[in-house]
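Note that the chains are named A, B, C, D and E in the order they appear, and that numbering of residues resets to 1 at the start of each chain.
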Amino acid sequence: MTKFTKDYKKKIGLPSGSLIHIGEKKVERPRIRIIDFRDEYCMYREVLDIDACRQYRENENTTWVNIDGLHDVKLIESTGKLFDIHPLVLEDILHTGQRPKIELFDDYVFLVLRMISYDEKQEKVVEEQLSIVLGENYVISFQEKPGDVFDPVRERIIQGKSRMRRKKADYLAYTLLDAVVDNYFEVLDQVELRLERLDEELFEDSSPETFLKIGALKKEMIFLRKSIWPLREIVGSITKEKYNTIDESNSVYYRDVYDHIVHIVDILDNFRETIAAMHDTYMNFVNNRMNEIMKLLTVVATIFIPLTFIAGVYGMNFRYMPELEWQWGYFGVLGFMVLLVVLMVLYFRRKSWF
Amino acid sequence: MTKFTKDYKKKIGLPSGSLIHIGEKKVERPRIRIIDFRDEYCMYREVLDIDACRQYRENENTTWVNIDGLHDVKLIESTGKLFDIHPLVLEDILHTGQRPKIELFDDYVFLVLRMISYDEKQEKVVEEQLSIVLGENYVISFQEKPGDVFDPVRERIIQGKSRMRRKKADYLAYTLLDAVVDNYFEVLDQVELRLERLDEELFEDSSPETFLKIGALKKEMIFLRKSIWPLREIVGSITKEKYNTIDESNSVYYRDVYDHIVHIVDILDNFRETIAAMHDTYMNFVNNRMNEIMKLLTVVATIFIPLTFIAGVYGMNFRYMPELEWQWGYFGVLGFMVLLVVLMVLYFRRKSWF
Amino acid sequence: MTKFTKDYKKKIGLPSGSLIHIGEKKVERPRIRIIDFRDEYCMYREVLDIDACRQYRENENTTWVNIDGLHDVKLIESTGKLFDIHPLVLEDILHTGQRPKIELFDDYVFLVLRMISYDEKQEKVVEEQLSIVLGENYVISFQEKPGDVFDPVRERIIQGKSRMRRKKADYLAYTLLDAVVDNYFEVLDQVELRLERLDEELFEDSSPETFLKIGALKKEMIFLRKSIWPLREIVGSITKEKYNTIDESNSVYYRDVYDHIVHIVDILDNFRETIAAMHDTYMNFVNNRMNEIMKLLTVVATIFIPLTFIAGVYGMNFRYMPELEWQWGYFGVLGFMVLLVVLMVLYFRRKSWF
Amino acid sequence: MTKFTKDYKKKIGLPSGSLIHIGEKKVERPRIRIIDFRDEYCMYREVLDIDACRQYRENENTTWVNIDGLHDVKLIESTGKLFDIHPLVLEDILHTGQRPKIELFDDYVFLVLRMISYDEKQEKVVEEQLSIVLGENYVISFQEKPGDVFDPVRERIIQGKSRMRRKKADYLAYTLLDAVVDNYFEVLDQVELRLERLDEELFEDSSPETFLKIGALKKEMIFLRKSIWPLREIVGSITKEKYNTIDESNSVYYRDVYDHIVHIVDILDNFRETIAAMHDTYMNFVNNRMNEIMKLLTVVATIFIPLTFIAGVYGMNFRYMPELEWQWGYFGVLGFMVLLVVLMVLYFRRKSWF
Amino acid sequence: MTKFTKDYKKKIGLPSGSLIHIGEKKVERPRIRIIDFRDEYCMYREVLDIDACRQYRENENTTWVNIDGLHDVKLIESTGKLFDIHPLVLEDILHTGQRPKIELFDDYVFLVLRMISYDEKQEKVVEEQLSIVLGENYVISFQEKPGDVFDPVRERIIQGKSRMRRKKADYLAYTLLDAVVDNYFEVLDQVELRLERLDEELFEDSSPETFLKIGALKKEMIFLRKSIWPLREIVGSITKEKYNTIDESNSVYYRDVYDHIVHIVDILDNFRETIAAMHDTYMNFVNNRMNEIMKLLTVVATIFIPLTFIAGVYGMNFRYMPELEWQWGYFGVLGFMVLLVVLMVLYFRRKSWF
């Protein structure tokens, strides 16, 4: 069973805004990557210390700081100081297992998402927390471990072919969001493959294990829903409300992401209904099998119990049983039994029992 | 199983607004038909190249461009350039499997619908995507394959009998919408026929296959619902909000379409409830059959097991069994058995078991 | 099965506003009745031609035109011309099977209701469409067949005893609405009678037919709900919004009708919950009966199978079976069998199986 | 079954506002009690004729007229005339079985509630209709029968200890409402007692009757819900909207009543969920019992059917059956049978069947 | 069964605002603790009489009065007088079992919460009522019994390390709220442990007791939901509306608590769905076991009943039965029987019954 309540005990009794990392340590050393760009210019570096970032903070270019690995509380803290981020935001970044949300501050917008990928080995969906701080001319993204969903974005910025370089930080944030959401589709594709395999198994060889697999899929659906559902409202709010650091001219892009999320929620609904239908089908199979078993028992018992009775009658040891002395008694009884069987078989046929 | 997630992988990592056709190629060559009309004047042409359309774009007549077939990305791209359509809109047009939606742009309204038809051979509902771009004096409609649901509309424009020619592009868009929605009724009619046939089958000859058929219909209902439900909100928004390219005087027509959609949603609800009732009825039949089987088994066993026991008693080989020597022992026992049977039959009768 | 989709095919491809009667022809000749009244004056006529109505249209009295029978498209068309009614409204009037709705036009309010009555012969609820056009000083009502739910209203106008004559057309429309809604109560009363009869049947003599009857009632509930539910919103909108042809001083009367409809919806909810409870009770009966059957089988088998075995043992033909030679062997075995039976009966008693 | 549709037929065809008493006659003679008070002054009388009330109507004191018994239409009519009450309100007062509601008129607020009490003899909840007309300086309350839930209120006014006398009619109305709502808690207490008793019965001695009792409780819950649920909205509207005859300074009291009602609705929800859980538990018991029965049958049959077969084999009359001649054949077979039984018992033990 | 309706009878008939303690007496003597602080200054006292508090009420420091134990009505009353609290508020404080709520008064905000803890001995969740009165420069908290969830808060104030001392009463109230909500997580952790244990039990050794445990957990979920759900709305209202005694600059903290509560509600939803899945799994196990039982019975009966019949045939005592005389008759029949068994075993294998 997945743990729903991450280890909150560490925090109880501490003043709010205390920075403690809650969650697994998923990477050995945090990795800090910086991309600084404007129109024709573009710089890509990997640094060891967040202070190397100060110069980019101050220039007017768009700066994207991407930090993989959250267990180094000091690093997060100094990042927070450098960019003037509220302690409660830092607390949320460190505290993985957050619900997706958006929060507006004076100088920046804070966004928490859940990034999903499909672990083929374990045959299950895994997720990690992605926190984005979107300021006037910078984007800081925090991940639990290095993920390559953003590699095409990096490449596009570096190669400078698409409109990425001409746009500002809010367009960059949209691109990240879009990459995350597009990745959802790939995960859903994997889940759908499993659904199809299960559907086949259901019809060919359904066993109590099939039931457990249906249950496991149902749980995964709940899990995915909880990760994706709040995103709909969040991105919806971006398209409707005005956020200081998001330019209105880009709202058509956010509306596009919004459509994708609505589509994903639709697909999840379809999956859920498909799984519910599988459950029904499984129950129906179980019922039918029970019926089959009972039918067999009933047919066998109904045919042979009366016959056995007849045999029993002529096995009685009464002195005066005239039939026993008859020349054709035995064969007569056998014939009568055959007749009985034929009649009963006809009866069951008419009831279309076999 | 229908695929819910169309092949999204192609797109992952691409910049937004990249034009790629996602979906099946359903027609060999795209077909472009143009109707240009005003009052007394009407021109109908089929062209090979969208550039032939430029002259109609510039005059003040109402122009309807109908493109069947979406796999030719170049064609869509040049259409987009000719009419100044946003790249994200073109992306949506090419990307079939969209959820129905309406979007307002500066010069035009963009509408995505799902066109439904009933494939009699496969006995299932198929659908295709219809995208409509409604500008001040033009309507562009994109279909996946040539469909004849718009033929009567074309004829009405060409013959010039109805009010079509006097009205503008927004009325033309309404007429297309109306034709699509009217077609839904025909599809529902086909579905209802199947419902009726299934209902009969349920009462005459219900088997595990019936259950599977009910399940298939249920899935189709979900499918139809997902296609039609969002339309309600969309057309509702047209009747309430002001869209720049839709004249308020035509809102009475859109209200009429809205009523039809609400009616269709109602019918779908009824279908769903009917199917749920069928499921219940099926389960009840299964239960009753089980009861029947158990009753038969119980009646046979209850009657013959005691009789067999009695026969067994007189089949024992004890030396001293006085009854065996009696003259009428055998017939006495037979008589007692008959009496027992009569009593038990009376008992089961009273319980109204048969 | 009731048809949910009325024959829409007739209309597909026709321009909107084409007048075609969709529905059954329920009366031989349309019947047109006119009542024209003011204060002391009152005129009641039955005319053959709607043109006879022109004079009443022009005077300042309140005029009520009641048309029974919709298959004469010409008649509806000329009525529409006489009173300046929008073609889409006429289309809705002719197209029976409409969902209840209210629509505001410049000079009049258009109202579609479903009139319900209980057909005692077929033991089911039947309905017909009632369309009301309420203008400044006229009410036109269209029915599918002559129904006598409005007779008391006519009488009250003619006799002039109540406040009917002093009030205007909007009060007359209210009175018609009130008559229709009051009639719902009578239908519900009939349905409740059937519910009660079914409830008794359920406890006395429940059979698979009972299940079908419950299912039929459930379907009828859905049918009634669909007819009545939208009315709630409609009348609610009259009490809240301002309609040009309905005077605010009469809104207390519409509020009263609204209360009645809410009450009816409540009763329908109760019916539905009662039917759901009946379903549960039926399923419980089926379960209990199954239990009874299995118990009987188990008791009989558990008692006699071991006894038969004992008899079988002493029916074996071994040469050396000392018990067979004993003087009291037979009676000893019989006694042991009786003892076994007694013990088992006691055991089943303790389990309170009978 | 409780009748949901009270005898509406009486009213059909009558003009609206016609005064007819619908409901049972629950008291022999209507009882009219008047309390007139202000600060130091207080007068309590029981009168026979409502006209005796005229003097109190005209003074500036707060007057509470309490009428028990509604079958005397004349009385209600003259009360209506005396206090200028709208005929539709009088109709509602006389027509018991109303849904709770609040209506604002020019000079007064009209309130319909359902008063609930627990009839210990019949072990069921009974209810009656309480109508309150709250004017500027008077409260008129109409009950179906004399109930003593208001006795403490009367006493408090007469004794003049609490703040009752200093406050106006709106506070008096609040006090009545509060008394009714407090009484709900007492009824719920009785229902909870029954729930507890049923819960015990369920575990000790559940039978098909238990199922019926659960069903009866479920019905009662529906009944209570329908009576109380609308009250929430009503009192909520008092705390939010401004009613002319209710002073804003008293809204803190109405908010208190509102909290109580929300609490009651919560408790009802809990009851409903508890009953649903009982239903599940009952079904589980039924299932378990079925399992027990089937297990017993299977154990007995599985043990004895093979044994009987073996005995049958040695009961055959073949001339050449070597075992029959063996000295220890009989005891060998008996031993083998015992061995079989032991093995099967061990097998069932391992399956933990008993 | 937990009592849902606390003993309301005590109150019926009393004027509103009468102070009566409803609930258990959970502590011997009420305990009053006062903390008075500002910037550098901090005073902590435990007093016997609330009047000792008067001096702190009047100074401008922030004062926190914490009262444990509610049975001393006098104490609550004099506290109310000292701080000018409305009698209805005092009534709510004394009346434990309140639904969580927030109420705005002129000088203060009144807040009722439910504090939850896990009683390890009884293996169930227990709760108590926490009432908070938040004034301009004071916080009064009322608990049913001394709880140590606030100890870290007290320590933080006394040690003066965190920002507590610089902040006002509204921040103190937030800190209390935060401590309560953080504690919910700990309780959920305990509940999750039980869920995990039950999940294991379900797969290893599910028995009817498992069903009862699932039912108990379900009830506890309902209980937790009812305590926590209303809190969401309450804290949400603090972040959105303006309350006079809560400074807007602190709303970021309240938003943080709000996020935690939403998270808790999410976890509760997950728990509920997990429990529902457990219920399904349990039912599936029960069904499978039933199938197993029936299969065994059917296999045994189907194999041995025909064999017994054959043995019965050759146990008949007819004079002329040729087979009986054959040399190898007996062994032939035995061989035939073995053949039959083999065939039937193969048949059941193919049906994969064992």
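Following the convention adopted for this analysis, a residue touches a chain if its C-beta (ideal position, glycine included) is under 8 Å from a C-beta of that chain, and two chains touch if they have at least 3 such contacts.
Please read these numbers as outputs of a predicted model, since none were measured by experiment.
Student: Taking each chain's centre as its mean C-alpha position, how far apart are subunit A and subunit D in Å?
Tutor: 43
Student: Based only on mean CA positions, could you tell me how far subunit A sits from subunit B in angstrom?
Tutor: 27
Student: Could you say which residues in subunit B touch two or more other chains, in rising order?
Tutor: Each of 290, 294, 297, 301, 305, 308, 312, 315-317, 321 in subunit B touches at least two other chains.
Student: If each protein chain is taken as a node and each touching pair as an edge, is the resulting graph a line, ring, star, complete or other?
Tutor: ring
Student: Please report the chains around the ring in sequence, anchored at subunit B, with subunit C in second place.
Tutor: Cyclic order starting at subunit B, direction subunit C: B, C, D, E, A.
Student: Across the complex, what residues on subunit C touch subunit D?
Tutor: 151-152, 156, 162-164, 175, 178-179, 182-183, 185-186, 188-189, 192, 195-196, 199, 252-253, 255-256, 259, 262-263, 266-267, 269-271, 273-274, 277, 280-281, 284, 287-288, 290-291, 294-295, 297-298, 301-302, 305-306, 308-309, 312-313, 315-321
Student: Can you list the residues on subunit D that touch subunit C in the complex?
Tutor: 1, 3-5, 8-9, 11-16, 86, 88, 91-92, 98-99, 101, 103, 208, 211-212, 215, 218-219, 222, 226, 279, 286, 289-290, 293-294, 296-297, 300-301, 304-305, 307-308, 311-312, 314-317, 321, 323-330, 333-334
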